[in-house]
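Next come two complexes, and both contain chain A; in the first it sits with chain B, in the second with chain C.
And now, the complex of A and B:
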């Protein structure tokens, strides 16, 4: 009994610093920010209390919902792009020979590049005249397919999703590989005896054993996509004419360019609420499959 | 127990490290008081002006060893945000560079800055050398808060001399000629106007402000800003927007104009990929450091074409007094004395000359040595002397209003509805 208590004391002691830092830099700011949402405040001078007005304006703003829709495009691109690609690569790269290690590092590489650099690189790739994509299209005779990928509102949201997919495949790949390698050898051997090879092995043995991890990765994908900011901010800044505005750029532009700190804070609070709702929905959907 | 001690120790180290206090004034052994002052500015780049300003600060530091100058050079793009963030936290540096107009108004209104009128009283000759109207943006109820160290001139028409000569074209001076020239270059497969409007202030600041002033006249605009008998849904403003739309409809801009940044557009124009470009005086300094002299000599500069039948004057240049240094209201005593000295050193007769000779416009009367500056700048400098100023839109509109104009112009470039854009601008200008 005494050792239990001791252990608990140790746990509290060791967790305390991290918890304090976390509350100080994350939890308290979140609540303060929703509190600022009740004020009309330019960031300087006096703030006036205006009740729910900012929140009502956020909910009624068509740009906010357009930004949310754009975020959903990124969520879709991440869940349908990052997860299958990372999973496929993990299945191909589960062994550890030189070549596979090389490919693994190559896939992981974008993750260690600063996201600002990623945005700049892809900004050049998408460039109308000098960009790689349009040059290739011109050279293979598909001149009519070339376009201003980041300026054309019909395609630019999909264009900015691609670097985000590319950027974050690496960590999911590592997680998946680790999970595959953790599947006990006995199970695989038993499956082999029962004749599960090739696709059968994938569907009946590997995927079921990974399901827990896949769920976690999907949640990471969703929350990561709702936080997306840096690459889009560097590539388009939310423009032109707010066509690639996502929730975070909308919040940033209102807070730091238009100096409506109260309104910006209300937007951030709405981002948190929407993220929680989306994650709850995905949890419910995935629970059913269990 | 040992573990508890260890945790406490870690916590204490963290707290001590954070609590490092900053004392402004300490008295040293000698009779001179040691002071520490901080200055923030946006001369972070590698262009001639930025280097000259940083040099002046270094010289000041050398000449005044008892003053410790804590200097922070912040890149232009993030400068406004950095300053407003520290202003929100009430941690402004002693001296910081500001922009004329609503940005400075906010600091003054919230009493975050203090006047530097005493500097002007002590140096009347210096005060009188500023051009007419130069000190107006910093004059609040008779007290002066800053001395401009720049002139913003945001709309010049740059053109490729060789292209105009080869095709036997006159540089357009009326709107009709302008449209004809645009059509001409389009027929030849040359982009008529280079523009990099990814950061959407560009179209507004360089092009639309000048067009709108020619159509509506300055008085209408100032009334609309104050919502005093004029609104942005007035037919006259719709007409101004339609003039911009006319440029778009005549394919004056390349398809990717909204995804290029301003520097890329400048380079593209300098390389001969476009025949003309409407841009500010900053283009001169950025081209002067990045292209060869031969390329530079091939660039001509003039005012934006006049618009017949418009309410405004024909040959205005949007602009006016530019940024200057502000003094935080919290700086007192010896630190204030030192700060005033530094502000003077960075804005006085000599400083204005150094800035002008680094190919940057100033609002100060001086004889420019043609030998020292580049020819394009010399031409522009004289162009500005002969022209009247028109207001720059985003310096007068509220930040929400300016944002709406910026986004609205991008919308028009993407084929959006002019009247809806006007409504959005009107709505944004009346919020807050």
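And now, the complex of A and C:
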């Protein structure tokens, strides 16, 4: 009996600090933001209860939906950019000699770089005058293609997506390489006896064995690119004229620049709801294809 | 794949084809790696140039290496202070994460109790939440308790958000440690805390070092929390001061480049030293989430 009491005391003592910290900073904020979404509040003084008004304003705001569409562009660019690049590279990188290990390290390297630095460097790369992209275009005689990549509303969302693609290819590459290396040797040998080499081997042996992993990577890619904020914030801040606004910058600008805390809270809640819906949809779609 | 082709007794034409494929592959992979590294290469080489050289020859290798930019970044842009702040926040939060993560993982991997299943799901949930959706409520909560503009305004939320990954990486590792070791310790008269400090902690060092490397990188590079919770310029961390002074000094490219290089060097060194652990840890963390 005494030892059971002692055990219970130990459980409480050991779990409590982590549990309190985690609940206070990670879980409670979600409930707080949905609650404050019902108030008109400038961050100071009294908050006025206004019912669903903030939520209605969010849902009716064309800029909110443009921001959501921009988020989807980043998600789409990440899925269509990162997954095929990572998969293609993984198929070429199945050995672990020095050269192939170097390629792997190079592709993974951006993962450890500060996202602020990523945003700033790519801001320079896209620069109208000095930027490497326009310089290369001018040197190969495509002067007419040069433009202000981050300011031109026709292209700036795609431009903003490129650094995000560049940033996060690494983990997907490593996941794919591990999967290829885990394909049982017997399957490959049997395939070889059946004459499956080269492209045949790729289509009939390797890809079918990777489909499960590809699905997982696509889901990771969707949930990961929904979290993108830093690079966009540093490169454009959501501008010019809100053309690169994503949900997170829209929330940030409304809360901390014009001090509408209630409205910002409503946007935060919508971000969580939309993210969870998107992740759920992607999981359901991926399961159905089995 | 190619050696298997050779085994089948390939013709000369076939070998030529394989040779071409191999060469193309090396050319393609080299080009791709260089493209991946180029932004960083450009950043680091540019930080050694003077502004004149940067404007006239932005893509050439620097003609001479000047450390003046680093000196200016350190003094003028107050990067020294920012580095100290980043170090204090990062190290404290990392220690806290590792300790609390290990303690929780010890309980979750070694004891059975009613709420265990619930707790595991509860901690998993945290990995699904987009960090920026907690900014507004966290700001107002910390404002109410007077936590804003202090090191703790960053240390506590950093630790809280890193705990799920820390716990899951450590639980996985601790579950593989044989229970006999603890039984021996119990016979020697050790209590639960004794077992934790004398057996579980030392044996979990491989997992804990992965946790601390990942936490270090994440905290060192973290931007949004610092942006929202820190206003006092004496408390700004590196990413925050970079983002802010890039506006004010944006025409002083050499200075900005040097400042960014200073911020990036520690993480690159970490990467060169602990590459395998970083790769494995980051993937384990993302797949769990």
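To be clear about the criterion, the second predicted complex is superposed on the first by the 266 of 290 C-alpha atoms of A that agree within 3 Å, B and C clash if a C-alpha of one lies under 4 Å from a C-alpha of the other, contacts with A are read in each partner's own complex, and residues count from 1 in each chain.
One rule holds for everything that comes next: contacts are C-beta pairs under 8 Å (C-beta built on N, C-alpha and C of every residue); 3 or more make two chains touch, one makes a residue touch a chain.
Computed from a predicted structure; not experimentally measured.
Asker: Once both complexes are superposed via chain A, do chain B and chain C end up clashing or fitting?
Answerer: clash
Asker: Considering only the touch criterion stated at the top, classify A:126 as touching first (chain B), second (chain C), both, or neither.
Answerer: After superposition on chain A, A:126 lies in contact with chain B alone.
Asker: Please work out whether A:26 is in contact with chain B alone, chain C alone, both, or neither, and reply first, second, both or neither.
Answerer: second
Asker: Looking at A:209, would you say it contacts chain B, chain C, both, or neither? Reply first, second, both or neither.
Answerer: neither
Asker: Quick check on the superposed pair: does A:43 touch chain B, chain C, both, or neither? Answer first, second, both or neither.
Answerer: Once the two structures are laid over each other on A, A:43 reaches both partners.
Asker: Contact-wise, after the overlay, does A:256 reach chain B, chain C, both or neither (first, second, both, neither)?
Answerer: Both partners, chain B and chain C.
Asker: Taking the superposition on A as described, I'd like to know which of chain B and chain C A:53 touches: first, second, both or neither.
Answerer: In the superposed model, A:53 contacts neither chain B nor chain C.
Asker: Based on the superposed arrangement, let me know which partner A:174 touches: chain B (first), chain C (second), both, or neither?
Answerer: In the superposed model, A:174 contacts chain C only, not chain B.
Asker: Quick check for you: in the superposed arrangement, does A:240 touch first (chain B), second (chain C), both or neither?
Answerer: first
Asker: On chain A, which partner's contacts cover more residues, chain B's or chain C's?
Answerer: Higher number of touched chain A residues: C.
Asker: Could you say whether A:7 touches chain B, chain C, both of them, or neither, answering first, second, both or neither?
Answerer: In the superposition, A:7 contacts chain C only.
Asker: Shared contact residues on chain A for chain B and chain C?
Answerer: The overlap between the chain B and chain C interfaces on chain A comprises residues 10, 14, 17, 43, 256, 261.
Asker: Under the stated contact criterion, what part of chain A meets chain C in this complex?
Answerer: Interface residues on the chain A side: 7, 10-11, 14-15, 17-19, 21-22, 24-30, 32-33, 36, 43, 89, 92-94, 99-100, 102-103, 105-122, 124-125, 130, 132, 135, 166, 169-171, 174-175, 192, 197-198, 201, 216, 220, 223-224, 226-227, 229-230, 233-234, 248, 251-252, 255-256, 261, 264-265, 268-269, 271-272, 275-276, 279.
Asker: Which residues of chain B touch chain A in their complex?
Answerer: 3-4, 7, 10-11, 80-81, 84-85, 87-88, 106-107, 109-110, 112, 197-200, 254-260, 273, 399-400, 403, 407-408, 410-411, 413-414, 416, 432
Asker: Which positions of chain A touch chain B when the two form their complex?
Answerer: These residues of chain A touch chain B: 10, 13-14, 16-17, 40, 42-45, 123, 126-129, 147-153, 236-237, 239-243, 253, 256-261.
Asker: Using the touch definition from the top, list the residues of chain C that touch chain A in their complex.
Answerer: Residues 1, 4-5, 8, 25-26, 28-30, 32-34, 36-37, 39-40, 42-43, 55, 58-59, 100-101, 103-104, 106-107, 111, 113, 119, 122-123, 125-126, 128-141, 143, 156-157, 159-161, 163-164, 167, 192-193, 217, 220-221, 223-224, 228, 238-240, 242-243, 246, 253, 256, 260, 263-264, 267-268, 270-271, 275, 278-279, 282-283, 286-287, 289 of chain C touch chain A in their complex.
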